[in-house]
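First the structure, which I've put down as structure tokens, then a few questions once you've had a look.
We call the chains A, B, C and D, going by the order they appear; numbering starts again at 1 in every chain.
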Amino acid sequence: MEVKFRLVARRNADGQTAVQIGPVTIGRGSLVIMAGPCAVEDYDRTLATALALKEYGVHVFRGGAFKPRTSPYSFQGLGKEGLEILAAVRDATGLPVVTEVLDTRDVELVCRYADVIQIGSRNMHNYALLREAGRAQKPVLLKRGLAATLEEWLLAAEYVLAEGNDRVVLCERGIRTFETHTRNTLDVSAIAAAKSLSHLPVIADPSHAAGRRDLVAPLALAAVAAGADGVMVEVHPCPGEALCDGEQSLDPAAFARLVPLLRQVAAARNGLAAAM
Amino acid sequence: MEVKFRLVARRNADGQTAVQIGPVTIGRGSLVIMAGPCAVEDYDRTLATALALKEYGVHVFRGGAFKPRTSPYSFQGLGKEGLEILAAVRDATGLPVVTEVLDTRDVELVCRYADVIQIGSRNMHNYALLREAGRAQKPVLLKRGLAATLEEWLLAAEYVLAEGNDRVVLCERGIRTFETHTRNTLDVSAIAAAKSLSHLPVIADPSHAAGRRDLVAPLALAAVAAGADGVMVEVHPCPGEALCDGEQSLDPAAFARLVPLLRQVAAARNGLAAAM
Amino acid sequence: MEVKFRLVARRNADGQTAVQIGPVTIGRGSLVIMAGPCAVEDYDRTLATALALKEYGVHVFRGGAFKPRTSPYSFQGLGKEGLEILAAVRDATGLPVVTEVLDTRDVELVCRYADVIQIGSRNMHNYALLREAGRAQKPVLLKRGLAATLEEWLLAAEYVLAEGNDRVVLCERGIRTFETHTRNTLDVSAIAAAKSLSHLPVIADPSHAAGRRDLVAPLALAAVAAGADGVMVEVHPCPGEALCDGEQSLDPAAFARLVPLLRQVAAARNGLAAAM
Amino acid sequence: MEVKFRLVARRNADGQTAVQIGPVTIGRGSLVIMAGPCAVEDYDRTLATALALKEYGVHVFRGGAFKPRTSPYSFQGLGKEGLEILAAVRDATGLPVVTEVLDTRDVELVCRYADVIQIGSRNMHNYALLREAGRAQKPVLLKRGLAATLEEWLLAAEYVLAEGNDRVVLCERGIRTFETHTRNTLDVSAIAAAKSLSHLPVIADPSHAAGRRDLVAPLALAAVAAGADGVMVEVHPCPGEALCDGEQSLDPAAFARLVPLLRQVAAARNGLAAAM
């Protein structure tokens, strides 16, 4: 399989690339924690959430301004206003922000506000968008498509790298299977396999995988145990009131209890790399 | 489930919408046959193919100018030049042409040349593109995403209709399953179910479902038997030389033998609608 | 792949085996129709159903005596009493009967009453049962496992043939996918592919695939169009009262309307074999 | 969903059942480690393996005597001779042994030799075998079917409990998905969800999930992080010579390096249960 990959392929046993996002290093044994609400709703609430998360050890703040929704009648995000809120929160907290872009025509706009641009699961096969992200001067968080094979996911990253942007972070977020008990099935094997095939860092999104709050913490721990370089977790100050994905959001207190456990598991799995 | 659908929902037992493409009516018991090569390669070959297909009874000519490819290093289509070839072939043969659009920024361009614009499987969840197609003045062929549920597929159509374009033709092209013997699994149940839930016409693409030549004819017949209003088949004058998807293309002679059998099956399944 | 198959592999282009069940020939262009209730409930109702079905052209009567149920608290079938009812119905109507066996210890018992023994989807990987069926003196109807690959299905048949019983009829009954709109996804490609790889006849069970009455007829037609040598359909005189799977059972009148359409589609698809 | 479960349902927040296997307790925060070769091959090698594994901290020795194989022409295990070897190894080492049973007629025989009887993935829907296991006087290790939903898996356990045997240990071993990079997709969500729905202990089999040696350790760590009460790992003294599944077997040295890391992760995830 490796012959298909030119730029994403791992070159040697040590060869992991670290992606730098401002002061934050992703990859090479570190554990990056990204968190925030599914969608940006208003400035005050977003700022309060970011301040709390910063205190709990979060490195990157996430929040959606353009939301891809299955129904055209669902809340679609605040758009440019959401980007402005994110930038203001970044300025107030010092936390880099990551947000999704949905349209080739918006890449430049999103890059003006965000520190990392996200290509979501529904757009992993959107090659026009991948190319545009490859021409951007920002790191790219590339989620795995909901039914993308490992090979397709790495080739999607190859599209970005082929345009000259090698700051790509892969993100496993669950795949679609027959099982309906969770929204998606977090594929921890893909985390380990992606890290073995590619030099790019890999993080996990346990929130979209689970689709339900009670499984987010076990899945986050499992992802880190399998080798993930970080996690991205949905946290909302009041999940019951969230405009989007409230049922899978942790409240800040639950999130705070999770963080030290993630570090403990990361220490153990780093031992694996050393031992093997 | 129906409550989620406003514009795509079937309103009454008889209420199927026919979509008109020039002289061709899709839906209401007719059987539309679309055929052509995966990708447009050059004018002479494309024209010769179209002339042969017209003689065999094809109603709409298909050909790709912008090709979505898993690898950035695969042939990506001729782009604007491909569109020009398609338009010239349409002018020479009188056959309406359908071709795929991949980027919101290209919708206007593609509409200038094509009679029907196709949203491919990889972009079914690309809501920005769906909206743009909804604002276009052309019929839209909307393929089902490779792991899209029936509900997500209909809601993707809802995005197009919600922008004011109600000339949408749904296209089942196989879903991703564990089975590797075929490239995808043609979901004939979804054809029957989509027609029962929605007033929109539904066709099938047996070529992408099968991924191998020998199964295209049986799958085309099965799709029509299940209620499809038409089929879209990849035909290449010399499949062994095709720049794209040759292994699943029929040659014109095999295609010619298939057409009358499709009509025979359509007659039988129209009997079902009358009997039930 | 073919090298793995010794006894089930197709030997030459014409080489389809016909399986004889009393006066009924399965394979070689014929269309066999099997129908009956999911579970045998009582003699009078079973006989009345069989008499009606015989009149409509059914060749083999189906009915479950041992029912594999997901929950231990669901109706498990009448067991030996059900077998006795089936045998009495066979004697009264002349229709051969097919019924499922679940336990290696029951194979001899079931063979005493049935004309065809069925290995159900849940037991396709039950190799002990397959071997026992291979030692039986009865034809075997072998359903595809709900997530079995084509290769595993053919190798399950190989288990039966390897014990000396070559009267095996394969039955596609839908596979498990992410789609929840139907109970399973009828894989018509597998019908065509199985017939191409193996000399064994292949039928389809549209009732278990659909899990809902309104899709049974379109799926039955699609299966035959794809090349199935027959169908097995659940028919209950009063689906609303069925002890098992009533929601997917046709009533006799709906079934009667379906039969001639199946024959029409079979004629068309036999033309395909002749033309190709 | 819970209403369907009578005996397997979790009764209260603390209510986990511990299953006792000789001196070994499974459940309630402990971490049980089962290991051994896929198939028992001969006494000397089996004993040597077991002695090494005991030294590394293994609690239960696994080894197959009856092997379910996709092809009838693959090595099928040593049968009764394999059971005798296992019992002799148990006597020599003091390690309880677990081995699979495939046929209702063999349950009594296997119980005579084994400390735990395993129902494998292919037989999870074999209700006759589940009932027979329910009547046995031995603990049952119940693997999840390769495409079984969480609900079906718990209902399979319900079959065992309904016959009076409540010593059931669930085992997640990967599910079948579209991804071919690993043999199966380890579903860590199901581990967490099963423990939340049921009082039964849950372990994981990372070896069958991965199907390749290099992913076994990351998957084992991930399973424990997600809440598994233990793991079952294939270890062979010389994987390249194994008669069965050598490509996914660890050698003893690699296994020895894994064990302390599993304990470290278990400590972290036990913190989760305490914190939440």
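One rule holds in what follows: a residue touches a chain if its C-beta (ideal position, glycine included) is under 8 Å from a C-beta of that chain, and two chains touch if they have at least 3 such contacts.
Given the structure is predicted, the values throughout are model-derived calculations rather than measurements.
> What is the chain whose Cα centre is as far as it gets from that of chain D?
B
> More C-beta contacts across B-D or across C-D?
Taking the two pairs in turn, the one with more contacts turns out to be C-D.
> How many angstrom between the C-alpha centroids of chain C and chain B?
Inter-chain centre distance comes to 33 Å.
> Could you state the distance in Å from the CA-based centre of chain B to that of chain D?
47
> Counting in whole Å, what is the centre-to-centre distance of chain C and chain D, each centre being its mean C-alpha position?
Centre-to-centre distance between chain C and chain D: 34 Å.
> Listing for chain A: what residues touch at least two other chains?
Within chain A, residues 147, 151, 176-178, 180 contact more than one other chain.
> Going by the contact rule at the top, pick out the chain A residues touching chain B in the complex.
Answer in residue numbers: 4, 6, 68-73, 102-106, 122-123, 125-129, 131, 146-147, 151-152, 155, 158-159, 162, 176.
> Can you name the residues of chain D that touch chain A in the complex?
By the definition above, chain D touches chain A via 147, 149-151, 175, 177-182, 185-193, 196, 209-210, 214-215, 217-219, 221-227, 254, 257-258, 260-261, 264-265, 267-269, 271-272, 275-276.
> Provide the residue numbers of chain B that touch chain D in the complex, in ascending order.
Those residues of chain B that touch chain D are 147, 176-178, 180.
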